[in-house]
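Listed below are the structures to be examined.
Below are two complexes that have chain A in common, paired first with chain B and then with chain C.
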Partner chain A sequence: MLAFVLRRIAQAVLVMLAVGLIAFSLFTFVGDPVLFMLGQDATPEDRIRITHLLGLDQPFYVQYAHFVARAVQGDFGLSLRQVQPVSRLFVERLPATLELSFVAALLAIAVGIPMGVYAALKRNSWLSQVFLAVSLIGVSLPTFLIGILLILVFAVLLGWLPSFGRGDTVAIGWWTTGFLTVSGLKSLILPSITLGLFQMTLIMRLVRSEMLEVLRTDYIKFARARGLPDRSVHFRHALKNTLVPVITIAGLQLGSIIAFAIITETVFQWPGMGLLFIQSVTVADIPVMAAYLCLIALIFVVINLVVDLLYYAVDPRLRLDRAAAAH
Partner chain B sequence: MAEPLLSVRNLRVEFPTRHGTLIAVDDLSFDIAPGEILGVVGESGAGKSLTGMAIIGLLEPPGRIAAGEIRLEGERIDALPAEAMRRIRGKRIGAIFQDPLTSLNPLFTIGEQLVETILTHLDMSERQARDRAIELLAEVGIPAPELRIDNYPHHFSGGMRQRVVIALALCARPRLIVADEPTTALDVSIQAQIIELLRKLARENGAAVMLITHDMGVIAETADRVAVMYAGRLAEIGPVKEVIHAPHHPYTSGLMSSIPKLGEGRETLAQIDGAMPRLTAIPPGCAFNPRCPKRFDRCTAERPSPLPAGTTEAACWLYAR
Partner chain C sequence: MKAKAGAWLRRTWEHDLAWGFRRSPVTVAAAFLTLVCVGGAVFAPWIAPHNPFDSASLVLTDGFTPPAWVAGGRMEYLLGTDDQGRDMLSTIMYGSRVSLAVGLASVLFSMVLGVGLGLVSGYVGGRLDAFIMRVADIQLSFPAILIALLIDGVARVALPRDTHDQIAIYVLILAIGVSGWVQYARTVRGSTLVERSKEYVQAARVIGRSQASIMLRHVLPNVMGPVLVIATIHIATAIITEATLSYLGVGVPATQPSLGTLIRVGNDFLLSGEWWITVFPGLALIVLVLSVNLLGDWLRDALNPKLR
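== the complex of A and B ==
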């Protein structure tokens, strides 16, 4: 078990180093920073001095090592546009994105799994057909279109919900939350539906097809032959087996929810990291882009690790075999 | 004979399909006495497994019982509501399936599966159920059951898993066990052990067994009586010795002579020409008539019912009088 965790962590570090290298190489595409800082009239002596001061005369791998060392401490330098430390910008924006993603993921799982189970158990009912039809829409409609349609219906035509922003937020330490105010909660509804709909339909279809597969297996037939009640056959024996593959997909989807929040945040002008990233792209604010890249990669890697451990907890077959394989 | 434990009368199982209705089991009647082991043999597709599934009420839709009746200890069970039938399954009729590797849920310990089954049918505390589960595992010959009970199915070999499956089928001491090819997926050396175990437990518990297999060797060793099925119909039924050594139905004769015997030194195996008809194309009259060496006019015109022939009954016009 310990060996398994250590091996996974080592792999995660490797992935992060690779992503860091890509983020670092972004800086080489914006031209010569010395030229930016000194302008065209600087003397060659000044250039050499500044280049040396910034460490830019050192070999590539030394610069990269410095970048990694600072990144590990959360230091990605100053934002070119806002002249603030990048880390502070992210700390301000992080709660908005995480709260939105959390609600969207919760929605996707809490609605998607029951819908999928229902569609598998009552395969021929009209409601299952409706679920399947709706899920087709959810999978095929682009996120921004869903967002705009929701705004049109619920904000513009009905006027029930706000069309943009986070509403009022409450600060708890450095974390600002929208969960504690009515306007904050109301503001969450449309963006989280927009963000979660695709994942919800994906989870629903996945649960449905996995469940149908499991219901055909011999151990389900044998469970019925032992006279176990349907409730137990469906929700104990079948559902647990269904969830093994679903955990992996749902976990990975959580990562993409956070990453794809960019589009939803843009549509709803949600003050999160995604919006920050889009704004930075338009002005080529490289430090912010590099930091975003690293942060999203980190979130993905951590989620992957957690999913692996969860998988391990759910499926007893892995415990013995993997531990044995690790030695 | 005393009142039969299980009585199947004129059972007909149908599968409605796009190309018409398939009759998978047709006009099948037989009895099983308490404590008796009835072997059911036949080729693949002869309807043996479907008969078993019909008895435990687990025919997969669209398959359905179209006619006939099934009685367990005199009570009709073929038309019971789903919930009443569920209570019978596991409690009064146990079932064992072919593949022990896939019959157990991989995510639950065998103890969890046993205890759940026991608590479903018997009124006892969780503690008592666990004790009973350990007892059952000991009964089916699992060493150190008090330790093994917390293992998952993947910790057991195929033969051991089939023992667990048998323990699960015996949880509530059913009067009848439907065993569908219980040894087919096992090594030959393990097969004999499992068959012996099944026979011993049936005797100790006073349970009858419906042993479905295509292995005549297993039947010869285990069964009291044997029913031979062909194309969804009963060809011959009778005491196992008679059917094996002095079969009356031409199909049974062909089946028996196709089993090679040691020391005969034959170059080729005897075989029955042709193949069992598809269910969509069963010939009129006796289903076996196109392949029968003793066919005569009546065989292609009229369908025979089982007729007394010596100590067996054979569905063959040779025995009409």
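== the complex of A and C ==
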């Protein structure tokens, strides 16, 4: 057990170091920071002094170690375009992305699970067919097109909802929230549907297939034979047992939602981290890119690690499998 | 000769696959739409009503012409024109060309990379296998589109601007290709492990064929079946990834617009009422992706005897 946990954590650290190396090489090999700071007409002495001051005359691995040490403390230097610390830019935009992702995830779960249950219980009803057709569209349409179509219908043609931005926000300490104003909530509707639709269809399909599988098992037949009402069989016996894989997938998808927010934020000009990243790519703002790279990798690595460890703790069969596989 | 061809046609018509195909109207429709899209894209230079990239033939005053059936529209421009007076139908046909080319090329790239690594991983085994599969595990925990976006973004910043514009399409193919190799590698590794222990491989080893020759000439043909099915389904994903990256402004350069680029350009005019500049490229993308997807699903089910 301990060996597995340690190996898993070591692997996570290794991935982070590798991503850090990519981010660091961006800094080192793209552009010349000395030239950037001093301009064209600096004396050679000045150049040497600044190079020494920045530590650029030290060996590669020493510089990398310094970079990692600073990155761990959240220090990625100054943004090249907006002369501000990168960390501050991210802290400003973090609430927007997290609120959007949270609402999208909630939507996906709250709508996806009931749809999946219905489609499994009433397999042949027309509504189930509609759900399946919708899920096919949700899976095969690109996110950004869904966003654009929603804007076209609800913002341009009907004029009910705003087409871009976050609306009015209220600051609570350093956190700005759009949950407390009407325009903030209205602005949230279209982006969160766009972002949540793919995950919703995924959860729906998963719940449906798991549920169909569980409904075929012996203990369900037995529960029916005992004369339990359908309600009890479906929800207390069947649904409960489908939820373990669903929760795992939903957990893993949380990272995807934050990553896919890049696309949704671009469509709706939502002032979050994803939009910041896309803007930094188009203007070659390397510190911001490097920071985003590390941040998104960290989110994924942590989520995967937690899910793996939880799985291991929850499901004793997995321990046996691993032990058997090792021999 | 004629009788032979007739017999061949008859056999094909009565084959299991063809039978399943005829029985499913959705699949027939999907195949038809795919043919229309691919045909329009491939033959665009000959059948497109205008050449949108010939600046001499562009009439700026024709800009923002709505589709033919809307008031103010002209038959000359069936789906309307964009801000520079380019015919939308023609730009869409040329755009699908870029989308399809990038999609197919990156699927091919993923396939070669994934099959190669999977074959080596399964056949050689040991530390190399452990390393390749660990990298695959790690990559699989990130969404493919994010990886493509990061590779393309990093290349965009790392290369000098002029160089990048020239090779942007190849960088994009590389980025999408690298983001999709894992599935191929895992499948091929699995089947290679099975094939490796079979007698024909042992026999080849006994008569002294080299490792590379056994892998390529003997094992490879026997593990390609599932790979082709994965590739068919992968095409739609690759087209979506390309469109998304181009929409985000990190894909193909504006001089060679793909469907994604067209949608991004049209997006600016959505709020001012010129909806056709976005909607038609969007519809073209939807039709293309949906029909390719349906065809891929059908092929997967048809070739998988377990599902029958």
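Basically, the second predicted complex is superposed on the first by the 283 of 327 C-alpha atoms of A that agree within 3 Å, B and C clash if a C-alpha of one lies under 4 Å from a C-alpha of the other, contacts with A are read in each partner's own complex, and residues count from 1 in each chain.
Assume a residue touches a chain if its C-beta (ideal position, glycine included) is under 8 Å from a C-beta of that chain, and two chains touch if they have at least 3 such contacts.
Here the structure is a predicted model, which means the values were calculated and not measured.
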**Study point:** More chain A residues in contact - chain B or chain C
**Key:** C
Check your understanding: Once the shared chain is lined up, is A:L293 touching chain B (first), chain C (second), both, or neither of them?
Key -> second
Exercise for review: In the overlay, answer first, second, both or neither for which of chain B and chain C A:L228 touches.
Suggested key: first
Exercise for review: Could you look at A:T201 and tell me whether it touches chain B, chain C, both or neither (first, second, both, neither)?
Suggested key: neither
Practice item. Quick one: which bits of chain A touch chain B in the complex? Just the residue numbers, please. Key: 217-219, 221-230, 232, 236-237, 240-241, 244, 314-317, 320
Study note, to complete from the structure: Residue set of chain A touching chain C in the complex reads 11, 15, 22, 26, 29-30, 137, 140-145, 148-149, 151-152, 155-156, 163, 252, 255-256, 259-260, 262-263, 266-267, 277-278, 281-282, 284, 286, 289, 293, 296-297, 300-301, 304
Study note, to complete from the structure: As the complex stands, chain B meets chain A at residues 56, 58, 86-91, 94-95, 97, 99, 102-109, 116-117, 120-121, 152, 154-155, 165, 168-169, 171
**Study point:** Contact footprint of chain A on chain C as seen in their complex
**Key:** 134, 138, 141-143, 145-146, 149-150, 153-154, 156-158, 236, 240, 243-244, 247-250, 263, 267, 270-271, 273, 275, 278-279, 282, 285-286, 289-290, 293
